[in-house]
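The structure appears right after this line, and notes come after that.
Just so it is clear, A, B, C and D label the chains in written order, and each chain counts residues from 1 on its own.
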Amino acid sequence: MRFGIVTFPGSNSDIDAYQTVVDGIGEEAVMLWHKGHDLGGADVLILPGGFAYGDYLRAGAIARFSPIMREVRAFADGGGRVLAICNGFQIACEAGLLPGALVRNAGLKFLGRSVRVRVESTGTAFTNAYAPGQVLRLPIAHGEGRFVADQQVIEELEGEGRVVMRYVDAAGDPAPEGNPNGSMHNIAGIINAAGNVFGLMPHPERAADALLGAPDGLPMFESLVARVAA
Amino acid sequence: MSTLTPRTPQPRPGDPAISAALIAEHGLTAAEYARVVAMLGRDPTFTELGIVSALWSEHCSYKHSRPLLKTLPTSAPYVLQGPGENAGVIAVGDGMAVAFKIESHNHPSAVEPYQGAATGVGGILRDVFTMGARPIAMLNSLRFGSLSTPRVRYLFAGVVRGIGDYGNCVGVPTVAGEVVFDPAYEGNPLVNAMCVGILREDELIRAVAQGVGNPIIAVGARTGRDGIHGASFASEDLSTATDAKRPRVQVGDPFTEKLLLEASLELIRSGHIVAIQDMGAAGLTSSSAEMAARGDVGVTIDVSKVPAREPGMTPYEILLSESQERMLVVARRGREDAVRAILAKWDLAAAVIGEVIAEPVYRVTEGDRVVAEFPGSQLVTDCPFYTPDAAEDPAVRAARLTDVHAVAPRPEERDPAWTLETLLASPTIASKAWVTGQYDSSVRSNTVVWPGVGDAAVVRIRGTSRALGLKTDGNGRYTYLDPRVGGRIAVAEAARNVACVGARPMAITNCLNFGNPTRPAVYYQLREAIGGMGEACRVLGTPVTGGNVSLYNESPAGAIYPTPVVGMVGLIDAFNHVTRSGFRDDAEAAIVLLGEPTDELGGSEYLAWIHGVVAGAPPHCDLAAERALTDALLAAIRAGAVRSAHDVSDGGLAVAVAECCIGNAERLVGADLDLSGWSSLPLRALLFGEGQGRIVVSTTDAPVVLAMAGERGVPARQIGTVRPAAGELRIAIGGTRIAVSLARLAAAYHGAIPAAMGPAAVVQAAEEPTAAGSLV
Amino acid sequence: MSRFRVSVHIVPRTGILDPQGHAVADALHSLGFAQVRDVRVGRHVVVDADAETPEAAGHAVRAMCERLLANPVIEDFEIASIGRP
Amino acid sequence: MSRFRVSVHIVPRTGILDPQGHAVADALHSLGFAQVRDVRVGRHVVVDADAETPEAAGHAVRAMCERLLANPVIEDFEIASIGRP
């Protein structure tokens, strides 16, 4: 199976995603240059973390206009799976692939640490290898990760079970103490209505090697392989 | 570009006339000016004066430190590049090499903490990737005044945010460092940043201009008026005149840096270029002159071809601008288009601005007009060197000779738990999670040991079974009280810290932060500290591969403590040797102390924080014992006998053990200690004295640890037991019993800096009307 | 064709929490500015552009706001002024 | 005492690099806004404060800029307007 990883100018976690696909799950990965129009025959796309265009103006605001985004959109419209991580999530929201927006953390500081997130839905192509309600330890590294949307969108997301991951506290509850950035409803990750575009702020691709800590991100990649291959 | 025939540079219209005042403003003495005139055989033009002033500034020329630096050991079989290049390089096996360097950005950070610190990170990154290395880790060593003043909080918050934002954006994890607070740094904070990169040995490239006819290309950001004369600025006292220097502040653009990083590595690997160097301090001037001098070739530069950000910039301004994110490249002749193509891929501009020439001159033109010309590489090689008078300040000597055991205990100290708790809340000792939580430590997925988890960071080398142990250390208070001992301890502590994570100390880079060297007391400190560092490096087998000297760290309040900072690189041979500092909660384990408690109390954090006393002799540093200690620890780690290791430093033995118990706020682990074997020592020296050469180890295999120590003549004794469920740290010393809840200690340790900084995310300097805050 | 300078205000939409504004207000209070009731922090973007008329310049910048400069999910914008550089 | 709304523009000082402005200008160009010559990105801060007169309100906000809102090392500020909330 082939993962296509988009490199925007300023992407920096493209390398983490590559390593996880190739070394972590032994699948194929191709790097896709943002100026190109070719998805390299990828079965799944990853919009990786980083600071595309320096995150100037707003995170993801400029990157959404990169040439390759036309193909990314067409791929998504055709049901292709897109995993949008951190900066990728921000880009996906700016591009309208996912609803809502990611704004400055409530504490106004960049946050680089490990958080707990609970898997709220295992019925997706991205999370089927997790147990329902499983609590994961994943690193975050972002300054603009506070998910906001208007009330109607939030109700829709909640109502349709599209909040796929939520920040939780040590007890596993979505309490304010577990919420690092002030996201509405402790939202850490959401999926689009069609179920093929998943965006999340934590970095599963940096938690895929037992040497570095709990490899809680690995099942996300395994989920994709299982589902796409099936 | 055709080679010009030599012509005498003429003053440009509008150039100020050379006067004694102008010369002094450029930081040149009358003797230095005479030297310039002798070199040229005429008076320099204004442009030439600017060039000389930059290159002969302390920052670029090391004129007061080079003779001393020459005494440092620099070689080992694995050193591929010692001092003199953009960064040092060592081989680490499997054909892989590590490039690393530390640099100060003290003065810019004092004026504009956010941008000052950010551009410091940018500069050191460029020093590493211009060696052909991919940066894989950043470290930083910081010193501030007391956190109780708003100005210091403003500087601290701004510096941390600046370091974080820059490194985070470029995508290099910030993995280790240190932060120390002491009133001595009130007016003059220290901001030292270190970068570590990885490369294949055969990818190493040096910044040596070569090949007559090869084009010189300016790459990256356009040149603006910012930061003009930063190098000479960094070589002056931070006097009250600072205000006038504000426009010299540079703004960093980490996004462009990321593009430069990728493009530079691609360029180097393409074979189209022969040399590349950062335009750092003194910008185009120093990069071009230094590359030419290293290659012993001539160069000519046409400033009218340098892409400028603003119209009407003079040659003087273009040559001395310190605009960030610029590089100078010497390409192979005929490969200009290939070079441009690589840069265009990364949306970067390139302009051919000069060439390597056969004539032995350093020439600058503006179009056809020669505006500066120096013979050969004399500009770089003929810089004056000084060995000023050295004499210890009698007041320091008196402070050292003070009997600190006579300092009367405070009434609260009747409860040693109070003292322990209070020390854990000293910002210098307390958890630095407030700092490191603003850094991306995980990007690139190689960080095995994060900040705060081990005594040093551990970063794996991809594609091998090896990893690096990385840490910076230095103790200004010790160095103030006894510079030779302070120099030794900086190296020894760094070595201990990397050994504690399972790494063999390999080599160091260093940053020497001192005051005005023309004062005998300061030059004495510099000489002695370098002497001490050299001794330690020899005994510990860690050559110096480079570094940076930052002098004139003085403010109206006086000089800072002389502060040598050592950046240590250690090598871990197998991942299962990686060791962390905290006690583990899955089983009881023996606590073994390697090394021996002493009655020393001088220079301690205890005296400074509890009593406000900076006096006494700093702890004795026996280098042979330090070597045996790290050898013993590493042998025990390799034997699989060590569950945790943490060295004894600031705050002494009690603080070290407490840190092992409460370092992880989510998993407090209790312990029982029995120190009765040393009940004859003064209690506070036993608990809080900072005697060197000690490591607290937890082990389920105490006999092995004791044997490894015994074989190497290292004193070692079991001093207690890890009690995962105890909820307390209990210490028995003869009849004295101390028991203190872990929750209480943890609250002090983890709460101190957040409490001092408050919930406010906007930090301002309330007192200084000129130093406004930051709107985040 | 002449050169115009168009300045735009981009502000967080009402209803969207503005932690930066709050933090600034708190900091101002602690500096003794007790008279401060509320603070909002937005962006001020100044675009220099060529156009035939001031109206055309404003029109173009409005289009820039809609496409890039403002995110309608979280921000409102208004053209603050149109003048000469 | 009445309530006033004072709005302030804080922009990078001329001569100081504005990487954000650059990036936005480049992005506008690639979106086809070829008429764009230059972009500067600054902050727009709106302070609601109590004061006796509009002048007093402006005066107070100027002091806030000097002490906190603007960074004089790299930024210039100007009071853009004083009105009622």
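One rule holds for everything that comes next: contacts are C-beta pairs under 8 Å (C-beta built on N, C-alpha and C of every residue); 3 or more make two chains touch, one makes a residue touch a chain.
All values derive from a computational prediction rather than experimental measurement.
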Of A-B and A-C, the pair with more C-beta contacts is A-B
Chain whose mean Cα position lies farthest from chain B: C
Per the centroid of Cα atoms for each chain, what is the distance between chain A and chain B, given in Å? 35
Using mean C-alpha positions as chain centres, tell me how far chain B is from chain C in Å, no decimals. 40
Inter-centroid spacing, chain C versus chain A (mean Cα positions, whole Å): 30
Would you kindly tell me how far, in whole Å, the mean C-alpha position of chain D lies from that of chain C? 9
Per-residue multi-chain contacts in chain C, two or more chains: 19-20, 23-24, 27, 31, 41, 43, 68-69
Using the touch rule from the top of the page, what residues of chain B touch 2 or more other chains? 253, 255-256, 347, 761-762, 764, 766, 773, 775-776
Multi-chain contacts only, two chains or more: what residues does chain A have there? 53-54, 56-57, 61-62, 65, 107-108
Contact footprint of chain A on chain D as seen in their complex: 19-20, 23-24, 27, 30-31, 41
List the residues on chain C that touch chain D in their complex, please. 3, 7, 9-11, 24, 27-28, 31, 33, 35-51, 60, 63-64, 67-69, 80, 85
Mind pulling up the chain A residues that touch chain B in the complex? 9-10, 12-13, 15-16, 19-20, 49-51, 53-56, 107-113, 139, 141, 143, 170, 203, 205-206, 208-209, 211-212
Using the touch rule from the top, collect the residues of chain A that touch chain D in their complex. 53-54, 56-57, 61-62, 65
Taking the complex as given, what residues does chain D use to touch chain B? 10, 12-13, 15-19, 22-23, 26, 43, 45, 65-74
